[in-house]
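Letters A, B, C, D and E name the chains as they come in the text, with residue numbers starting at 1 for each one.
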Amino acid sequence: MLYSARNLKKTYNGRTVLDIPELSIEKEKIYALLGPNGSGKTTLLHILSFILTPSTGALFYNDKPVQFLEKALQLLRKEVVLVDQHPILFSTSVHKNVEFGLKMRDIAKKDRRRITEESLDLVGMRDFEWAAAAHLSGGETQRVAIARALACRPKVILFDEPTASVDVENQIAIENIIQSIHRERKISVIVCTHNMLQASKLAEETLFLFEGRPTSSIYENIFGGKVIMKGGRSYCAIDDKFLIPVKTDQTGFIKISIHPKSIKFASSPKNDASSVFYDGRISQLSEEKGWIRILVNIGIPLSVFMKKKEFDLFGTGIGQNVTVKCSDYGVEIIGSETMPG
Amino acid sequence: MDFFVDSFLSSLILIRTVDPALLNIVYVSLKVSLLSTLIAGAVGIPFGFVVAVTEFAGKRAVITLLNTLLALPTVVIGLFVYMFISRRGIFGVFDLLYTQKAMIIGQVILIVPVVTTFTITAISRIDTRYRRTAMTLGADRIQTAMVILREARFGIVASVVAAFGRVISEVGISMMLGGNAKGFTRTMTTAMALEYDKGEFVLAVALGIILMSISLVMNILLNYFQGRTAV
Amino acid sequence: FAADKVIKMSTTTSTLASGLLDILLPELKKDTGIEIKVLAKGTGAAIRDGMDGNVDVIFVHALEREKEFVEKGYGTKRYAVMHNDFIVVGPKEDPAGIKGMTDAAEALKKIALSGSTFISRGDDSGTHTKEQELWETTGIPMNKETRTIVLEGKELKVSFFSPQDSGRWYVSIGQGMGKTLTFADEKQAYTLADRGTYVNYKLGRAVPLDLEIFCEGDSRLANPYGVIPVNPKKFPHVRYDLAEQFAQWLISPRGQSVIKNYQVLGQTLFFPDAIPGIK
Amino acid sequence: MDFFVDSFLSSLILIRTVDPALLNIVYVSLKVSLLSTLIAGAVGIPFGFVVAVTEFAGKRAVITLLNTLLALPTVVIGLFVYMFISRRGIFGVFDLLYTQKAMIIGQVILIVPVVTTFTITAISRIDTRYRRTAMTLGADRIQTAMVILREARFGIVASVVAAFGRVISEVGISMMLGGNAKGFTRTMTTAMALEYDKGEFVLAVALGIILMSISLVMNILLNYFQGRTAV
Amino acid sequence: MLYSARNLKKTYNGRTVLDIPELSIEKEKIYALLGPNGSGKTTLLHILSFILTPSTGALFYNDKPVQFLEKALQLLRKEVVLVDQHPILFSTSVHKNVEFGLKMRDIAKKDRRRITEESLDLVGMRDFEWAAAAHLSGGETQRVAIARALACRPKVILFDEPTASVDVENQIAIENIIQSIHRERKISVIVCTHNMLQASKLAEETLFLFEGRPTSSIYENIFGGKVIMKGGRSYCAIDDKFLIPVKTDQTGFIKISIHPKSIKFASSPKNDASSVFYDGRISQLSEEKGWIRILVNIGIPLSVFMKKKEFDLFGTGIGQNVTVKCSDYGVEIIGSETMPG
């Protein structure tokens, strides 16, 4: 195991923002870390990169317990580099920024120069080598930060939304870089992102966080709504229009997640006791390793995930109208909100 | 207004004649002030850094105390040091009183709080992401500190400039611990105080003009140097 | 070793500010090779320096305290070197009408009775001590102010005298002679000054003092200066032999004549006391 | 060490006996220092703000000049003000010399450069996005300034604290322009200087201890107040 | 016209980062502003929100010339609000941040409170109303910044990558908010984004910037490669593998953009003199107002844009292999790079 953790918690002023009973991350893989805003992704990456100390709990790196003491952490940090969500560059030149990690690793001057240039080339920022880092645009900054981390040639690299401000061309380039460093240099990677396509393109494994806790429910189709009763069954009413079946005794506002694999196409709307049917239109399709991700717009966008074979059976396609069905076993309650009611 | 014209002309004459006594005074002033500033910087910047970046129980108390020490009067410092280095004091045998060393000791005590508090203020304002970034890139404690100090350099240089201004214009400690002995511990300010005592106001201000000119030259050099090392 | 013949001397600001030492010390060096590191300060602080063994010799004007200094064994012997005199000065208008008076105490009394502003040095210096003595002989009720301090573990009382009901006209400023004169000039008030400083401020400056001498010549207005080497029995490190040599030189015909011939703007400031009638 | 014990006990006695002369000295010290700091803040903070946020030709020169003014000796300030307010100066008719007003004038000149330079340093470090954000949300010049000053508050408060420390511990200007007249312009520092001149070291340090205690109380109050207004 | 500009330039230290000969932006529309990193998008938005003064040129707002004088700009800024790319929040509470613009507009205290709460509700940050703004996560910060701008109820609102760090759920919510404020309050909107789907979902008009200049070439399929000659024709060789036909006399490295509408499906690879054929696989499909955007992976991802009708003709779908053709008239040279050769 690259990382494992037990009862890891981070608390700020009494609020627990991260609470991980159990976590295992394997070596030499690419993980995607997903979760809504504020779910603790950045906090977790900071702990895994040894720049934040958890409030309680045990963390193991390469099966050895991590001692949260500066001396010990310094050694570990030479192997693990984080690219921040909103990276900052030191107020020097782009060159010096990228060279920084190499200096810290006592690389010879000649090699430093070469590696710096190579790294900048990778992210297409070689032209800016001698520019003042402070004046770069948002995307340029993010790309230099990636080059700076790559230059360190770490064993593990953690990316916190690495392409959030990066343009389409470089987004692809960076995704390719991530894949190639993983393939060629056997670097372990964790990428935190809100871009589902990116996650499924890159990741071999996926971790989901919700309100600080790892969750099995896929981070998709998250909706908030009010519990209502109708015909002896309970539903979550989204925007007072869409009724999603849900098993609950709660009342008031809840947050639900509909598992994308649990949503199925229905050839014709027949009365299925446990399901609800919705008419919609396929607005997006993408292929992900034998699976198809389908965005069905039923008024709200539903993400559906099915095997390519199953999808092909239906003979439908982009821009076609379909009926989908949803049953309560695929709906999970992930939280109850306190909202004005 | 004649007075200022007189003073200005006198200062020109003083400079033109290259009065060796004056040269010595300027030399002593600069030597003592620069050494004091250097030592205070070497003590105050690291100390301020540590206070700024570490979280500990009495942190606010330490800062409050340092702020209080900004109000330490020169007379108190003078007497405090006097008690230790006077012949009857525990360091009496070193015969420090009325030497430049004594002045430096007193002046360092005077400005360490200045350098420290302003270093703390300058560093506190630096985004913690600089620290985290340096750390994740593999910097050790010292290297991380250097990054943060670099980012806070304007504030820190400002504190050192203020400290230098404070000591070169300072008269109380120089007088009490240096003794204004001609050729040994007479500085521009103690000389000014003496001229003022004598009623030689024109000469006092002329010396003041020279002092300000020297300080101006030092600041221009510093500005030039800073401009060159920026980026 | 010429470089090694350096001694330290604490003195009152008046000897340095008057310019006397600037004449005296080069002559001393020429004759004896002795160099002196001069530390000029308030009378009290200068004597204190001697008591703490920080200097080799003191050169002050506070007769009573000098005697005490020797009695307590801090100094070996007091050598009377020279004197100048005190004068009462005030604004041209002379609101108290003391012009020409020779009895200093009477003059002060008139100032007090007329309520004219009087500036006191109030710094426990020789001049201030003299002023307090004079006030006491005027018969005007005195105000005694006492402060308790702790010295070497024991409580101790320190007192100051000033004329009673003097809140408005009697201003105690606790500063040196020059500053006191400037203050009096600004406020157009009376004050007791030593002649040397007065002459300097009256004649030596582009903008002379706007104060006149109204009372002089009273024998009580004499201001004697003494030199005392610090006692090597108390402080073995002091350079007693050089200090003694310096004191001897001061009272020698050579030293005395230098003092006598020191003039500022045609005025003799100090009168030698060791050898009467020296030229 | 006895000396410090003596001084400490003496200061306790001084406080216990509620010496009215001492009370007056403390009152004058605080009044003059607080007023000077207030005025210097009112002048220096806006001035520093304008220098920091506007781009103009001589900006670096202005900053260099302000840094130089940090080295302005009190004797020069004292004589400078003296020339204007003395009986023969152009403002002589106002009879300002040897009053608390004169001290305040001199002290303000002394600390305006301190407040200004550190305000500039504090504000320069504030991300320009704060300014742009305030502007796009509709803030006018003054409101934008308030936003930036708020973000720079730690630095600015530090500069004001330093300025206060500078004036309450200052002796040269108080002595020259205030005149140390008992009951009128005698402050803790001029009283200390006097006791030192008299050789009454214990009393001088006792006064110093009282001064530091007052300064400590003021800083604790400020700290408490700042803590409460944070966020 | 809401905005029009002539010869607008912004220069930093001699480098012109924005250079707009002509620009017109209509009222009450949603514009998307697209372009690679460093193309000057943020710079333009800053000028349009009157917080940056152009180096030269004329800008008109509501057909009146803009005087770049503080007094005049202050009035204009009350109508135009910008949401920054990496927004900063003032170091107060979330509530005070959102209330700020209202205070600047002298809104009564009671109304301020109501509007603040409403705005926070919109972005789902009501729960954080009294939190310290400095400690929010990346996405939380971005959402509060949007609420802060919305609260001002401006006539024009400029978004600089508003959802870069926002989670999927709130991304949709924010897109909906943008549409609804535009529809209901008739607010003019310019959104700068790297997310093509977002752009096509929201925008009625699209502006493209490349290296500071407006460009007709759609900001897609941008590749860099070396010019090579083969059979008397010139190609741009990408990754030394893919040859894209190009009309040029240049040598060395160039940057090209392949117009997505110029790429066509080819039923069978026949020898067409001016075209080159590539085999690939459809990896993503999305519907955009009667058009289909197709991502064809030929080794590098090609974006293809065709009418739904045309696409339907081919009867192909997600995960299918296709042959596409590309001819030099659809390829534009948008720059030549100085790269190590």
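Quick note on the criterion: contacts are C-beta pairs under 8 Å (C-beta built on N, C-alpha and C of every residue); 3 or more make two chains touch, one makes a residue touch a chain.
Quantities reported herein were computed from a predicted structural model and do not represent experimental measurements.
Visitor: Just to be sure I understand: going only through chains that touch, what's the smallest number of steps from subunit A to subunit D?
Guide: Steps on the shortest route: 2.
Visitor: Name the chain whose C-alpha centroid is farthest from the C-alpha centroid of subunit A.
Guide: Farthest chain from subunit A, going by C-alpha centroids: C.
Visitor: Between subunit A and subunit C, what's the gap in Å when you average each chain's C-alpha atoms?
Guide: So the centre of subunit A lies 86 Å away from the centre of subunit C.
Visitor: How many Å are there between the centre of subunit B and the centre of subunit D, using C-alpha atoms for each centre?
Guide: 18
Visitor: Can you compute the centre-to-centre distance for subunit A and subunit B, using the mean CA position of each chain? Integer Å is fine.
Guide: 53
Visitor: Could you grab the centroid distance between subunit B and subunit C? Build each centroid from C-alpha atoms only and quote it in angstrom.
Guide: 35
Visitor: Of all residues in subunit E, which are in touch with two or more distinct other chains?
Guide: If we look for residues of subunit E contacting two or more partner chains, we find 86.
Visitor: Among the residues of subunit C, which are close enough to touch at least two other chains?
Guide: 41, 176, 179
Visitor: If I count partner chains per residue in subunit B, which residues reach a count of at least 2?
Guide: Answer for subunit B, listing residues that touch two or more other chains: 196, 201.
Visitor: Going by the touch definition at the top, which pairs of chains touch each other?
Guide: A-B, A-E, B-C, B-D, C-D, D-E
Visitor: Using the touch definition up top, name the residues of subunit A that touch subunit B in the complex.
Guide: Listed in rising order, the residues are 46, 49-51, 70, 74, 77-78, 80-82, 84, 86-88, 90-93, 100-101, 104-105, 132, 148-149, 152.
Visitor: Mind listing the subunit A positions that touch subunit E in their complex?
Guide: Contacts found on subunit A: 12, 35-38, 42, 85-86, 121, 124, 126-127, 135-140, 143, 161, 164-172, 194, 196-197, 219-220, 222-223, 281-287, 292, 295, 300-301, 308, 311-312, 317-319, 337-340.
Visitor: Can you tell me which positions in subunit D touch subunit C when the two form their complex?
Guide: These residues of subunit D touch subunit C: 2, 5-7, 9-10, 13-14, 17, 19, 21, 86-88, 97-98, 175-176, 179-184, 186, 190-191, 193-194, 196-203, 206.
Visitor: Quick check on the complex: what are the subunit B residues that touch subunit A?
Guide: 127, 129-130, 132-141, 143, 147, 150-151, 231
Visitor: For subunit B, which residues are in contact with subunit D within the complex?
Guide: By the definition above, subunit B touches subunit D via 3-4, 60, 63-65, 67-76, 78-80, 82-83, 114, 117-118, 121-122, 124-125, 152, 154-155, 158, 161-162, 164-166, 168-172, 176, 188-189, 192-193, 196, 201, 204-205, 208-209, 211-212, 215-216, 219-220, 222-223, 227.
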